[in-house]
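Consider the two complexes below, in which chain A is the common component and chain B and chain C are the respective partners.
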Partner chain A sequence: MKYFNLFSSVLITKGASRVLISDLERNVSELQSLDLYNLTEDLKLNSIEDVIKEYDRDSKEIINEYIDFLLENEYGFISHNDWDNSFNPLSFDYDSADVINNLFLELDNFSVLHKIRCAMDTIDIRYLVIYSIRQLSKEELEEIDFIFENTSLEGIEIYCPYHDQMNDSFISGLSDQSQRIYKLVLYNCDNITFSTNENLKFSLEYTKDHITIKNCGIVDLKYFNTNNTKIFESKNYNSCLFKKIGIDIEGNIKNCPLMPDHFGNIGNTSLEKVLEMAGFKKYWNLTKDHIAICKDCEFRYICTDCRAFTEKTHQNKDGLDTSKPLKCGYDPYTGEWSEWSTNPLKEKAMKYYDFKIDK
Partner chain B sequence: MENKIRSEERNKLPLNFKYLNKLGSKKSKELNKKICYVKCEKFQTDFMTRVTPFKAFTRML
Partner chain C sequence: MILILSANNDFTTNEVIKWLHIFDKKYIRVHEFELFEIKVIDKKILLKSQRNSFYIDDINSVWFRRGGIKFNRLQFQNESVNKIMNETQFCLEDYVIKKLESKRHINKQSNNRTNKLLILEKAVAVGLDVPSYFLADNTDHINLGKTITKSISENIIVKSAFDDFDGILYTSIVDKQEDEVFFPTFFQEKIEKEFEIRCFYLNGKVWSCAIFSQNDEQTKIDNRIYNYGKPNRNVRYTLPPEIHHKICILMTELDYNCGSIDFIKSVDGKFYFLEVNPVGQFLGISDICNYTLEKEIADYL
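After this line comes the complex of A and B, so read on.
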């Protein structure tokens, strides 16, 4: 008798109409039919011969093709006489040493950065994401980096408007001086006055579009990540808000700068106190398995959630918004993507958030 | 599938090396260039590796 063993590092996520096979060794995911999921479940309980004999002659060929597919893609292996019990199942428990993984700041005044710097003496913040509404000079960008010199902050990501002084020497000079900036995104970039250089210490992206902070929350294939940390986090915690802290343009401390609830102002409250406040962590444990529609989606563990903009259709018994993210155009029941902003079913929520409705 | 399995393997793993990344290849040199270190007083090191985040923190583009 032959037995099929699925590798522990292969995660099959069942959706309403398809499955997603995620290979956590190679960090790739691929879509397959629900039949494959049913087959892998059968193969966990029965030998290959026993599974095949349950099917008629035509189907047997298909089952053999599926098993070949699983072997050729190295999703599993065959053992004889019994399943190979040498391989323990992968634990999906997740924990991280960071107190705060990322702080999302809507920047207006540099004094907020100094307050964050002071907070870092007692709490570790791993990444800082800055959205600036105003243009930043080279000196100001360097100052942002300099403020966090010698701290445990690992990286800084900055979104700011493009301006004419941003030429090659501006960008390369910033790359030479900066230590922690790993990503710089320039918006309103109509006329490029710099060449893209691969030797920069940070990734440089630009767009001619005017980006506002309200653009955040887009759900798209390009933002899906297949890696252990991402999937383990998504299975246990909210994939956007877990260990996230936000500060809006007025200094209000929130779960995300785009969410309405705030827990004090950076001017008179410390980040440490906010972390201890009742309700601050209420969304941290809300996984995609408890969000309407998302719980039936095969992408739920590789996708990043959004609680700032939702369809506002569901609420759980604790009063948490468990509606599908507004900016997701995927329907897991049909397996089709469509433009979210033109979906008539989302109009009510779009009006609530004051989004422009495209017809 | 039997002919794909090497007989000397105790567990008959369908091993192959098509995904092996050779050391010293062009790809690995390119990756090494991008490794950045930062100084961190708290952790008492001059070589804290700046690791790219495992997910996108914002999705604005």
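After this line comes the complex of A and C, so read on.
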């Protein structure tokens, strides 16, 4: 007798109408039918011969094709006489050596950066994302990097408006000086005054558009990510808000700067204190398995959640908003994507958040 | 206080240190080119370099990762004085290193060089299956196509072997006769493998990962010749208890309490021991199998 063993690094997520097969080693996901899912479940309980026996002649061929597909893609292997139980299931525990993984800062005044630097003496922050509403000089950009010298901060991502002093020497000089900046995004950038093929320490992006922080929260295929960290995190915690802290333009400390609840101001409290406050982490453990509609979606572990903009239709017994993210146009029951901003069902929620409705 | 002896910028060390922060454990990190002076203050031995200064009494545990404690030897003009001072300095240095190694530790500076030949003999002695091997300076008695050859030493990187590249001594199959006699070389029976197993050992615990390199011509003989397009499968695996037990005996005999161990599971179901590396890389299997070994190390220190 032959037995099919699914590799533990292959995760099959069942949705309402399809399944998503995520390959955690090759960092790719693919959509498949529910029939394939049922077959893999059956192969967990019965030998290949016994599974095939259950089907009529025509279906047998399809079953064999499915098994070939699983083997060709190296989603599993065959063992003889029994399943090979020396292969243990993968643990989906998520354990990371940081207190805050991501701090989002809407920057105006540099004194906030020094406050964050002080907080880092007691809490480990891994990444800093800065959205600046005003133009930044080369010296200011270098200062941002320099403030975090000799700290455990690993990377800085900066979004700031383009200005015409941003030439080759500006950009390459910044690259020489910076240690931690790994991404620089210039917005309001109509014509570029720098070459883009330079060998830089950070990735450089630019756009004509005026980016505001309200652009965040869009759910789309292009933002999906198949990797261990992402999937382990989404299986256990909220895929957007876990270990995240935000400081808005007024200095209000929030889980995400776009959410209404705030927990004091950076001017008169510390990040350490805020982290201990009741309610600050209330969304950290809300997984996609407990969010309306998302819980039936095959993409739920590779997608990034949004609690700042939702359809505002569901609430759980603890008062948490468990509605589907507003900016998601996917319907897991039909398997179809549509433009979220033109969906009539979302009009009410969009009015609430003051989004423009395209008709 | 934890003492970490490592290479500057060693990524693995950084990952372990992140956990030390979370556990609120204090540590001193020593880089590979740091030179120490032995000083005595209030009858206590103090080690001092440009970056660090600490009493050896304050060290509770030591992680020997790379490099080690190196000393600044004083030279004296008078040859006889130099000779005796050299010996005196050696005694003190030896005392300091042995003293540090007597504390809670992960591996030892004095025992960091592996000897493939001695390790294989010990592996056979503890009852592990080892593919038959021998040294030879010619290919006269070699079963072509069924024999592999690999480096005797642990260093497999040949600096600037080619104009712009370093060479790497990969394991390879011997498929043709050589006419001439050559330097004594290591030959070993090629085992038809089902998959390979990479284990990480720490103080009696073993974490294993099965590597399916067999389906791929490129990685069949040496999985370090990485296929980026279609990576090998690396999945959690548990060795049979008797193999686990023999690993523990072998590591104790070798006086390593931490290291990476390689096996082959052959098509006939046997587990063949290949080698041990006390300072091997383990973050790869830690990430892929979600073992968080860096946390285990930080916890042990």
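Throughout what follows, the second predicted complex is superposed on the first by the 358 of 359 C-alpha atoms of A that agree within 3 Å, B and C clash if a C-alpha of one lies under 4 Å from a C-alpha of the other, contacts with A are read in each partner's own complex, and residues count from 1 in each chain.
By definition in this document, a contact is a pair of C-beta atoms (placed from the backbone, for glycine too) under 8 Å apart; a residue touches a chain by one contact, two chains touch by 3 or more.
Model, not experiment: these values are computed from the prediction.
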item	value
Partner chain(s) touched by A:304 [first = chain B, second = chain C, both, neither]	first
Partner chain(s) touched by A:239 [first = chain B, second = chain C, both, neither]	first
Which of chain B and chain C A:129 touches, first, second, both or neither	first
Which superposed partner A:152 touches (first chain B, second chain C, both, neither)	both
Partner chain(s) touched by A:86 [first = chain B, second = chain C, both, neither]	both
First, second, both or neither for A:140, with chain B first and chain C second	neither
Greater chain A contact set [chain C / chain B]	B
Partner chain(s) touched by A:182 [first = chain B, second = chain C, both, neither]	first
Touched partner set for A:26, first chain B, second chain C, both or neither	both
First, second, both or neither for A:42, with chain B first and chain C second	neither
Overlap of chain C and chain B interfaces on chain A (superposed complexes)	26, 74, 77, 86, 124, 152
Residues of chain A touching chain B in the complex	26, 67-68, 71, 74, 77-80, 84, 86, 102, 104, 124, 127, 129, 131, 149-152, 154-155, 157, 159, 179-180, 182, 185, 199, 201, 205, 207, 209, 211, 213, 215-220, 223, 225, 227, 229-230, 233, 239, 244, 304, 306
Of all residues in chain A, those that touch chain C in their complex	7-9, 24-26, 74, 77, 86-93, 95, 97-99, 124, 152, 228, 232
Partner chain A, residues of chain B touching it in the complex	1, 4-5, 11-14, 16, 19, 33, 36, 38-43, 48, 50-61
Chain A-touching residues of chain C, taken from the complex the two chains share	15, 18-19, 21-22, 210, 212, 215, 230-231, 233-240, 287-290, 292, 294-295
